[in-house]
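Per-chain residue numbering starts at 1, and chain names A, B, C, D and E are given in the order in which the chains are listed.
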Amino acid sequence: MNPQNLLIPVLLPLLLALFSFLLPRGVKRLREVVSVLGAALFVYVAIAFFGQKETFLTLPWLGHGIDFELRLYGFSQFILIALSGFTFLITLYSTVKMAGDPRIREYYGYLFLTSAMSAGAVLANNLVPLVFFWEGLLITLYALITIGGKGSHRTAVKAFLIGGFCDFSMILGIAILWSQTGTLRMSDISVVPQGLTAVSFYLMMIGAIGKAGSMPFHTWIPDAAVDAPVTVMAFIPAALEKLLGIYMLARICLDLFKLETNSAPSLVLMTVGALTIVLAVFMALIQKDLKKLLSYHAVSQVGYMMLGIGTAVPIGIAGGIFHMINHAMYKSGLFLAAGSVEQQAGTTELKKLGGLAKAMPLTALGFVVCAAAISGIWPLNGFVSKEMVFHGSYETGYTIFTIAAWLGAILTFASFLKAGHSVFFGPRGLETAAVKESKSPITIPILILAGLCVLFGVYNALPLKLFIQPILAGHAAPGESIDFTAHALAVFNPIALISLGCLLIAFALHFFGFKRGGNKAYLASEPIHRLPVLRTLYDWAEARVFDLYEQGIKFIQAMSKFLFRFVDRPIDAFYEKVVVGVGRACIGALKAAHNGLYANYLAWTVGGLVIIVWAIGALLR
Amino acid sequence: MHLFLLIGLVAFSIMAVLSRDLLKSAISLAVASIFLALAFFGMNAVYAGVFELSVVAGLITVLFITAIALTRSDSEVAESKRHLIVFPLFFLALAVLDILVMRKLLGQIPAIQSAESGTFSQVLWNQRTFDLVGQVGAIFAGVLAVLALFRPDGEKAHQDNVSEGGRHE
Amino acid sequence: MTNNIQTIILLTIFVPIVGSFTIPLAGLISKKARSFWSVLLALATTACSMLLIPFALKGGELAFRKEMAMGLDFIVVADALSIFMAVVSSFVGALIVIYSLGYIGHEENQNEYYLIVLLFIGSMMGLVFSANLIFMYLFWEIAAIACWRLIGFYRVREFVLKADKAFLMTFFGAVFMLLGFIIIYGQTGTFDLTAMRGTAIPGVAVLLILLGMFSKSATVPLHTWLPDAGVAPTTVTALLHAAVLVKIGVYAYARLFCYTFKLPEGWQQAIPIIVVFSSLIAAAAAAVENDLKRILAYSTVSQIGYIFLGFAVLNPMGVSGSLLFILMHGLAKAGLFLCAGIVIHATHQRDIRQMGGMIKTMPWTAVAYVFCAFSVIGIPPFGGFFSKFMVIMATVQSGRVWVAAAALFAAVMTMYYLFRVFSAVFMGEARSDAKEGTRSMVFVVVVLAVLSLLAGLFVAYPTQLANVASGEILRWMK
Amino acid sequence: MLFLFIIVPLLLAGLLPLLGKLSKRFLPDLLASAAMLFLLVLAVVSAKPLIAGGGIIQQAFWFGAPLNIRLLLDGFSLFMLFTISLVSFAVTLYSINYMEHYGAKANYYALLLVMIAGMNGLVLSSDLFNIYIFLEMAAVASYALVAFGRGHDELEASFKYLMLSAVASAFVLLSIAIIFGVTGGVSFGTVAQGLKTLNIKYVVGICSGLFLAGFGLKAALVPFHSWLPDAHPSAPAPISAMLSAVLIKVSGVYAMTRIFLNVFGLTPALTTVLTVMGVVSIFVGALAALGQNDIKRMLAYSSISQIGYVVLGLGIGTPLGILGGLFHLFNHALFKSLLFLNAGAIEQSTGTRSLDRMGGLAKVMPLTATTSAIASLSIAGVPPLNGFWSKLLIIIALVQAKMHVLAVLAVLGSVVTLWYYLVLQRYAFFGKLNETWKGVKEAPFWMSASMVLLALLCVVTGLVFPFVIHSWLQPAADVLGQGVSVALNFIGF
Amino acid sequence: MNNLWILNMGFVALLIGIGLYCLLTMKNTVKLLIGVEIIAKGVTLALVASGYARDNLLVAQSLVITVIVVDVAVIATALALIISINRHTKSLDVRKLTKLKG
């Protein structure tokens, strides 16, 4: 394949973006049509790329080893397909959902810019172009969130700052890596994380998991869920950022660094993953807004991926990556479904919704399938990937992580029972009486995604063999099996049984809560919410005590105030007060001395003479 | 004899300083001048002596007395009486210091002895001619100065009007 | 060839300097004539300096001299470093002159304004091409005079006070720098930079020279004049300071400590720490301040720290990064200042707490602001990203991980305060019905914003020149 | 022909009061200006034979008979003559307009001419006693000139100046008497020869001290400076310019330098005392100037400070230091006279010297403002103006002489200098126009002309400083650099 | 001879000391001028003594004459000043002459 073609995945969306920007606001149809067709073409390109030989493109750029290098190989082909697919689906969905938005022009522009940047980041084979595209995504993220309207700006800034922090960490990590390895070409780097390179690993890991939205860099996601358009949520935090973040994490753990099982970096990664699973899902459980609930799950699921990749065991890694693609599908589907509900009912608050299944059967169907997939119900894709992660973590010997993952599974299911129950079942809310099914461009993406969930679950060999095995091909120990299809849907092994048991517990929990809450589904999580210690913690979380961003901003403010008051101002005061003061004092003394008395002046003269004569005498000696 | 004259000179100088009446001071100064002139005669410096006697004891005293007369009517500045106590102490200290220093210097300082010949006028005209130009200039300056200070008041005296009060930073 | 280059260099220096004094004459004819003449001079300077680019790209170096008394020869050196600086500063300077047409159009003392600005550009040209310490100082101080007149342009008491403060502080630094030069002279017996390459100089001289550079480039602890000066004058003046003037010290640093002298080991270690500290403190101050222009001025101080850092780590990438930084910061900071100018012009106040919601009424300004802010923060694909990135990379490469971390933290702070401003000014509740600025004003900021973006997209071209310049450093370091 | 330097102004001074009766204004203006121009040309012309071959000693003639008036013209004296003539020419031009309202122009010019004759004589003399007498001649004229306005301030200032000056003269004369007593002569050659043969360093030390006190008072070095801030502001502006720019240098610095460097020979002890006094003067003068509200008083203190630089440079005694000191002397003559003339222009236009009451005068007096800005920057040592180069040379010399502390102080001094000149500029010119002065006019033609002339000289001297150094300063510095041998060469004549 | 010179110089010092005392402590401007005169006397004595001691009397005398003439000019100017001041202030007190200060 001609290396120049590698630029197509970047340039095509870029052109689409420019088209959208330049097309006057008045023109309506054309924009949507071109966007959908362009996105379709993008998908076509991605599919055409699939299976191509490994291809490199190198263009001179900045010198100093900083070249514009792209590389197409198995992993990036896979991500590219996913990326283009999501772009297409979201574009399609947006034609209806975003119609009439005053900033529609920018919306499509940013959407395609995001695609272009992501494609660039995926294809980059040099750390600098990688950072270039990677960090550039901040802009589109910022811009897309602000499209949400009033109040969204604050969230956008929050997302921007958090993202910026993570990206700067990554830059530092890259810089250290470069200083250690001497090259910026990703395909040439492979080091064991020790000493400085370990620092580099952690810093780059922060960049990757920050993008993926892991704890503690997740806090903008729930906020954005409220403020940003739901398509944006479905596209970026749910799909794209996971794709990119976990892609990057996988690259870091597999290519750039040789991550050893149970080494410190591995354990750190697993710990963060496990914590993310548990903590985020606890937060998700008690949410009373569908979008917010979904967004916390978007965080929680990242934990599985990190946990999987962090195990550094082939099955774990494969599970993590598989979970990434699965999550992108069902979480997008869920968000889109939520968007559909929002579109029709005008709200996503669980309390106000209910019994929509009849009115919106297709949306409900999509939602239920995706929810089942995320909860890990046999034989959907979520089950497969989660099992792989459980296995992987179990293989490391640290069962604690597996237990955390199970705990997450319980609560995930419980919260989705609550969500699905509140929205689509039970009594119909009064305010939502006139709700109808959404238009086909909305339902089709949802159903496609739901369908894919089923497909990837039942025919798990398709993704596992086609996409994931090639990634692991070069990394697994020789002789180790990397074909996981055999027991992917196997139920009769201890781990799978425990997992299924978890689902039962979750069901019991939900039922218990449902009854306690007076048959109100949205109160089903209250028993857990009200548990003694948890309640306090929840209260704190509501007050954003655990929001690293809020604390960070407070820290920055405090530190700034400190530095300003105690360093900058004193320096200025030195010039304004001390220097001027000393000057004044001297002036005062001199003014007092020149008192106009002749005798005084003469005394100086005579005294001066005496001193001079004495001085000369002394110096002559 | 020389010593006596010098002591007289110093004594009358002291009187000129300490006297509380300006006129007496001026006259004491004139007397001191006379002593100095006599000392000059004693050192064979006749011309200097004559000049001292005529110009300093004469002309300058006249100038002083005129000035005193012109300013006397409305200005009596009483000098403090402390001088009668302070001055002797000062003088004693000065004298002691002086004697100590000079005793130490006795015979200490080498010098070049020169023997000159000719008359005073020869020396004055042939060696120190340039001084005369300076003298003329100085006299010019003095005359012009007095003229400038006592010029007719027809043209207004320049009044400056610098306002008092400090600058504000 | 050589003669041509010589002529062009001399023209670059003397066209603005000599031309500046003809401006009052043009002013005698008419206002139009004067404006036209000023712009023409500025453009001619830019054109002259740009003519040198091919020469620089070939890695050419040219030094020639005019003999004068006592080692005070007028020596001109043209290499990639000086040509890069000349092009950047004359370009930004010319832009500023053009923009002044609109901004200054209604003020008094326009003759003086254009004279001084042109003189300033000329002194900048003279400075970058001088290879004699004394002549560097000379042009340095001419720039200081220009700065003094410009800050006090409105003649308001408080502004004139700030002008005096700026002049005094920079002069204080500069004369001590001169003393440092003289100490070097005492050691080497020459002021000729070309003859002193690779000379090790005593630490005291470094300290004294750094005083000058830090004061001119507004680095902690000699920075406080810049925020003050930023408050006082016209927006254009503030911009001139932020975009061009403060680069003088940085350039001198590069010329002296990267290309000529060997620093003592202790200073080599200390300087990066000092400048990062400066960067952090200024960022903190910018995060606390509420005065729009002061924030931007502090931001300049903070970014200057980066430029110093790139030069201070003494490796080619750092030098390249810093040179790029000079360009990118010049464009982006200019844009920010001009946006601030439009906002202040519209609202008649500078306190960001009193503003809000202006994105509705002035969308173009807001977008331009964000673009420039992105560039200053260092977000790709804007130009600022590359320069900042290269500086960080170079810092880490030289083994100063902590310094790089602190610098990155300063970048995070930059994000914070620039968006704090953006939120306060353009977002939230509208507090006044401020209108978008005039067409020309908006045009200007948009152009700068777009330039910031283009500089990022086509970063390879300026980098080429910067790399030639940084390649030379290797030669001298050996 | 050197005698013309003295006799022309002196004769004219004698004539002017008589001519003044004929024509109150025109004739004195014309004659005085013509005389000054003549002297200036003469100074330039005299340079030719000098550059051709070393120092010149010329004898004056009286109707064909040789008189024992030997005038010494070497590089140093020529340099001083040129400076004196230049400044006095500018000042005379300025006086044409400025002295109108004082009246008694003829008398004024006569005094000015006597003062110039005295200074010229001092510079040309080769004899300690002649130095004293011309010193007195110039001084007496200057007392009268300071008191010329006859207001209270002028008289008070003049009186203190006179009384302190008289003591200083007595110190000088006492020192001459001691030298005379030791060496038996007063001419430079004899004294230098005598001191060379005798080993009397303590006597020379005492005499140096006396000279330093006497000439130091004339030059207004701290702590002998106290009369200057009173006297210089009180005089009419052109006289202030003359006093600050020339008189203190000729009767103080020139005399001191000539004696110490060419007759006594500079000893390390003297170097230390001179440099320390210089630095102390710099700071006392500068800091005191900082606190002034009266513009001329500020300038007067500034003179003290700048004289400090001159003495500092000369005191180092190295060729470069001497060069720097002399160059600064020349530069200071230019810009300080210019500044005083500016102040005079302001005073004449607004009637005030108080900085408080001025403000934004640049608008109504653009020429004055521009020239004043140039002079201020120049005096503060901002390149490319002349003051910078001289300070640069002095500081280089200090560093080369390993006097690093003094170098730092000298540098700091120039920062303070800039400080108060910025204050001056801020209060007087740079700022909003004070409403009171809306109707104020720019200075009249001759005043403006002389200010522009000096300002141009400041700029040009800065730009072509190598030429200035080569043609005027190097010969002067060479003379001083040769030390005692210069004086020893005179014996033959 | 040398010792006589030293003796004379001793008296010169005394005279100058007295003159300075007068200048430093007296209030009356005319008195101050008398102090100046006393110092001048001391200096003339010094000149003559020097000439006498070194057989240079003729030169010394010509110097003294010049000094005296100059002295007269100075004294005349000073007295003129004093009289003018007196017209302004109606006083001879030097301590009241402190308008110029600072």
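Keep this in mind: contacts are C-beta pairs under 8 Å (C-beta built on N, C-alpha and C of every residue); 3 or more make two chains touch, one makes a residue touch a chain.
Since the model is a prediction, treat every value here as computed from it, not as a measurement.
Colleague: Count of steps on the shortest touching-chain route from chain C to chain D?
Modeller: So the least number of steps between the two chains is 1.
Colleague: Could you tell me the least number of steps, going only between chains that touch, from chain B to chain D?
Modeller: Steps on the shortest route: 1.
Colleague: Looking at the contacts, which chains touch chain B and chain C alike?
Modeller: Where chain B and chain C share a partner, that partner set is D.
Colleague: What chain lies farthest away from chain B once each centre is taken as the mean of the Cα atoms?
Modeller: If we average the C-alpha coordinates per chain, A ends up farthest from chain B.
Colleague: With chain centres defined as mean CA positions, report which chain is farthest from chain D.
Modeller: A
Colleague: If you tally the C-beta contacts, which comes out ahead, A-E or A-D?
Modeller: If we tally the contacting C-beta pairs, A-D comes out ahead.
Colleague: Quick check for you: compute each chain's CA centroid and the global CA centroid, then name the chain with the smallest gap between them.
Modeller: So the chain sitting closest to the middle is C.
Colleague: For chain C and chain E, let me know how many angstrom lie between their CA-based centres, rounded off.
Modeller: About 65 Å, centre to centre.
Colleague: Could you work out how far the Cα centre of chain B sits from that of chain E, in whole Å?
Modeller: So the centroids are 3 Å from each other.
Colleague: If you average the CA atoms of chain A and of chain C, how far apart do the two points sit, in angstrom?
Modeller: Computed value for the inter-centroid distance: 37 Å.
Colleague: From the mean C-alpha coordinate of chain D to that of chain E, what's the distance rounded to whole Å?
Modeller: Here chain D and chain E have centroids separated by 26 Å.
Colleague: Taking each residue of chain A in turn, which ones touch at least two of the other chains?
Modeller: Residues 584, 591, 594, 596, 598, 602 of chain A each touch two or more of the other chains.
Colleague: Residues of chain D touching 2+ other chains?
Modeller: 129, 133, 136-137, 140, 143-144, 147, 150-151, 153, 159-160, 163, 167, 181-182, 184-185, 229-230, 234, 291-292, 419, 423
Colleague: Which residues of chain C are in contact with two or more other chains?
Modeller: none
Colleague: State which pairs of chains touch, listing all of them.
Modeller: The set of touching chain pairs is A-C, A-D, A-E, B-D, B-E, C-D, D-E.
Colleague: Within the complex, which stretch of chain E touches chain A?
Modeller: 20, 23-25, 32, 94-95, 97-102
Colleague: Okay, in this complex, where on chain C does chain A touch?
Modeller: 165, 169, 220-221, 223-224, 280-285, 287-289, 316-317, 320, 374, 377, 379-381, 385-386, 389-390, 392-393, 395-397, 399, 401, 404-405, 408, 411-413, 415-416, 419, 422-423, 427-428, 459-460, 463-464, 467
Colleague: Please give the residue numbers of chain A that touch chain E in the complex, ascending.
Modeller: Interface residues on the chain A side: 591, 594-599, 602-603, 606.
Colleague: Within the complex, which stretch of chain E touches chain B?
Modeller: Chain E reaches chain B through residues 2-11, 13-15, 17-19, 21-22, 25-28, 30-31, 33-35, 37-38, 41, 44-45, 48-49, 51-66, 68-77, 79-84, 86, 90-93.
Colleague: Can you tell me which positions in chain D touch chain A when the two form their complex?
Modeller: 159-160, 163-164, 167-168, 171, 201-202, 205-206, 208-210, 212-213, 216-217, 222-224, 226-227, 229-230, 267-270, 272-273, 277, 284, 287-288, 290-291, 416, 419
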